[in-house]
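Read through the structures below before going on.
Paired with subunit B in one complex and with subunit C in the other, subunit A is shared by the two complexes that follow.
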Partner chain A sequence: MTESLNVTVDRREGLAVVYTEGYINNQGGEEIARVAYKLLDEGYKVLLLNLAGTKIVNSIGISILIEIIEKMIEIGGRLGFCCLTPTIEKTFHIMGLAQYARIFPDEPAAVAGLQS
Partner chain B sequence: MSPLPSPASSPSAIDGAPSGRTWEELSALARDEANDRPFLTRLLELWAAAHGAQAAALYLESGSLLELEVGAGDRDFPDEINSASPPAGLAVLPLPGGALVVAPPSAAAADEPLTLLLTAAARGSLLKRRLKEQHFQVNYRGVELEALYDVGLAVAATLDLEPLSEEILLRAVSLLDARRGALYLLEGNRYRAARTFGGEAGPEFALDAPALAAFLVDTSGGAEPPPDLLPGARHVLAVAIAIESSPRGFLAVGDKESRRGVGPFPAGDRRTLGLFANQAAIALENARLHRQALEKERLERELTLAAEIQRQILPKGAPAVAGYRLVGWNRPARQVGGDYYDLLPREDGRVSLVVGDVTGKGMPAALMVSTLHSALRLLLDRTGLGPAFLERLNSHILESSAANKFITLFLAELEPATGTLHYLNAGHNPALLLRRSGAVEELGSSGVPIGLLPGSRYQKKTVELGPGDLLCLYSDGITECASPAEEEFGMQRLVKLLAELRDRPLQDVLDAIADATVEFAAGAPQLDDETVVLLRRDG
Partner chain C sequence: MAGNVPWREVTLTLPMIPDMEIAASKTATAMAEFMKMTPDRIDEVRMAVVEACINAFEHSHSPDRKVYMKFEVLGETEPESLRITVRDTGVGFQPEDIAEPHIEDKLKAMRKRGWGLKIIRGLMDDVEIHSGTDGTTVVMSKAR
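After this line comes the complex of A and B, so read on.
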């Protein structure tokens, strides 16, 4: 297990996939936000957060993800999540993230769903 | 931030009231309920232009600080400021629930419609933010409840402590917004780290380590954690994992996160962590009970096997001896017993009769019975019945058994043709010889039990069995069989029964003895193994 979150990005045509590995807490959330806002500045309006490498997220991390979702709504973009653990998926539903961002079981389904 | 619009684009702002067109624009922006920033930004732009500010920002209260909500003008504003000490070059104009921060500092707010509108909008935005925060907290309580429910389900669904430990630790760390954590389990008299998260943790602690013990029971927050518990953590919270006040481990988390860094855990977090510790305790207890059940099952299987082996050791029937009737019977108090009997026809026509009683009951006694059986068969073939035989058997049992284990033994050898019976009694109950005349003789002990003392000596004795004489060998489980009133069955009742039934088929006599002891016990549990061997010379 690692304390810090590693974030990598795969820029594709009309969509960027952000991969996370580690704890989405304050530091991890800020790093995701930094990467996401940079992608928005680059012109990407469709973002996919692939959380396959993340097993744990806390309330600070969730609040930052909500801010990213709000930002996406503000600019008329779309954000999706994929590859969530059952625990994180349940948390996102309870916290209302699923109302404003789509959740997909895997990356191919997410890419297809977000680009349709 | 975008440059402020020129006053010309908002002419009516000069006298403080939005023009009709500007009003329509603001009204349109205000209709967006999901996002009020564009409305606030536009309003701020108008306000700044109307008040001669180069740039302005609206800050809303967030704890003891002011947090940037929107800004306007060609200048970046800090995300947070302290109203008591604003950054240089800026003026802070207080509003209810927030503040306007303007540059240059000479700009000032005025009681005119735009300022009032901005104040109301800021107030509404602040209320919305607080509502959102409360909504978030309520939802997060739901996440906590779900987490405890899920952990409860996981605890009920598996007995594997490895994944459960991880589940419990990760849930505790995330729900308490901790950066780090560790779960320790008690092994012997040491707590060992079973799972860690987010950094290094001390590998083990002594159960009675004073600093740890004090820290685990401290609810005031005054006690310091052991320095090597979560090294480098500035704030640590730990609670014991215990079952009925008996320690089984502890759960520790470190450094409570907020958007501004890390801080101490509030008092309520101890309760939440305690709930996870309780789940861990239940999981540990379940696993222990499961191991215990498996062990019991294994022991029962072994006992069943041992009982089967013992059944194989005991005679399956009595040898036919011309001119005599011979039967034997055994009823162990438990699955396996410490009583032993054997009926051995010898090559020369003689018949050996053996009844033995190992101290204790159950598996240890059964193992000694097995040893006795093997040794007895081997020695009897080599030595023949006599004092030397018992003395060698005594040495063998003494060497191969625990110090507090010994065996009482009655050995007899019948010469069927003559009715001569040689016997040795090593501390066993006296055998009963019921003569046809009605006289009863006791064939008492001629030495101490075997396996008790080294160098024990024994004496062979001889009696003659006449026609109709009945010999009864038995273990103390018969005579010491107790009634609910704790009265013993005793030798007299046995003698009376034998006397009454002496001419009946021997199997009937055995059955009568077995029934008599059950009836006498009147439902009281059988405390000792019961064994009877009967030999009668045909009359």
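After this line comes the complex of A and C, so read on.
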């Protein structure tokens, strides 16, 4: 039994939206990081992680998201999250992620907020 | 605090193999649904169970490579609280020696992990940790 994560990307003008579907564990986190670093290599400095398709995460997966946040800070980029379940959002607040990555209720608000 | 009358009790022995924490979270969900916990609180229990399991998987070094779990719905006149016990037979640790993680430190650190206990404490109402050379037991509860 292995829970997998599917990641898809929508490249837009000045911003890329990364959609996840499934469990963000260590493998899932690694896959998000692989996609995020590829987008940075392509020149994107603003990333939005839309987690609408993710209902459960674990702290190992979130630790990999912290690596992405660190990288975004290094390059002067911006990372946002949207469409989190209440528990995932609460967990991000417990961990303090919200201090370094903005959390939005939905994708339109996130796109507007990250591009302003 | 809920009384100790068990309305329902389930025990589970998990092998320490990838994603077994999801099996545990499904049992927690079934128990919480039985006691009519709200969906958001069920989700919090589920996440805490995942964290407790992966802590045991990652850090216990249990010789039998198993986690022993008990799920109890407790209450005096109606189901009031879900108590979950997660036990391993590993090397144990001193909970007071575990520094609380902070994001500003983790952002600079090579090792960004170590959040499990903080998340469990943040999501559950009560958490007790008993640890020694014969293993670790985490007892965590959440009211309906």
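What we mean here is this: the second predicted complex is superposed on the first by the 114 of 116 C-alpha atoms of A that agree within 3 Å, B and C clash if a C-alpha of one lies under 4 Å from a C-alpha of the other, contacts with A are read in each partner's own complex, and residues count from 1 in each chain.
The rule is simple: contacts are C-beta pairs under 8 Å (C-beta built on N, C-alpha and C of every residue); 3 or more make two chains touch, one makes a residue touch a chain.
Only a predicted model underlies this, so the values are computations on that prediction, with no experimental measurement involved.
K.L.:
Looking at subunit A, does subunit B or subunit C touch a larger number of its residues?
P.N.:
The partner with more contacted residues on subunit A is C.
K.L.:
Quick check on the superposed pair: does A:G14 touch subunit B, subunit C, both, or neither? Answer first, second, both or neither.
P.N.:
A:G14 contacts neither subunit B nor subunit C.
K.L.:
Taking the superposition on A as described, I'd like to know which of subunit B and subunit C A:P105 touches: first, second, both or neither.
P.N.:
Neither partner.
K.L.:
Taking the superposition on A as described, I'd like to know which of subunit B and subunit C A:E67 touches: first, second, both or neither.
P.N.:
second
K.L.:
Of the partners subunit B and subunit C, which touch A:I94 in the superposed model: first, second, both, neither?
P.N.:
Once the two structures are laid over each other on A, A:I94 reaches both partners.
K.L.:
For subunit A, give the residues common to its interface with subunit B and its interface with subunit C.
P.N.:
On subunit A, the overlap between the subunit B and subunit C contacts is residues 1, 3, 23, 25, 55-60, 62-63, 66, 70, 73, 87, 90-91, 94-96.
K.L.:
Considering only the defined contacts, which subunit A positions touch subunit B in the complex?
P.N.:
1, 3, 23, 25-26, 55-60, 62-63, 66, 70, 73-74, 87, 90-91, 94-96
K.L.:
Please output the residues of subunit A touching subunit C within their complex, sorted ascending.
P.N.:
On the subunit A side, the touching residues are 1-3, 23, 25, 55-60, 62-64, 66-67, 69-70, 73, 85-88, 90-91, 94-97, 99-100.
K.L.:
What does subunit C use to touch subunit A in their complex?
P.N.:
Listed in rising order, the residues of subunit C that touch subunit A are 18-23, 25, 40, 43-44, 46-47, 50-51, 54, 58, 101-104, 106-108, 112-113, 115-116, 118-119, 122-123.
K.L.:
Along subunit B, where are the residues that touch subunit A in the complex?
P.N.:
Answer in residue numbers: 34-35, 37, 135-136, 139-140, 142-143, 146-147, 150, 170-171, 173-175, 177-180, 196-199, 257-259, 261.
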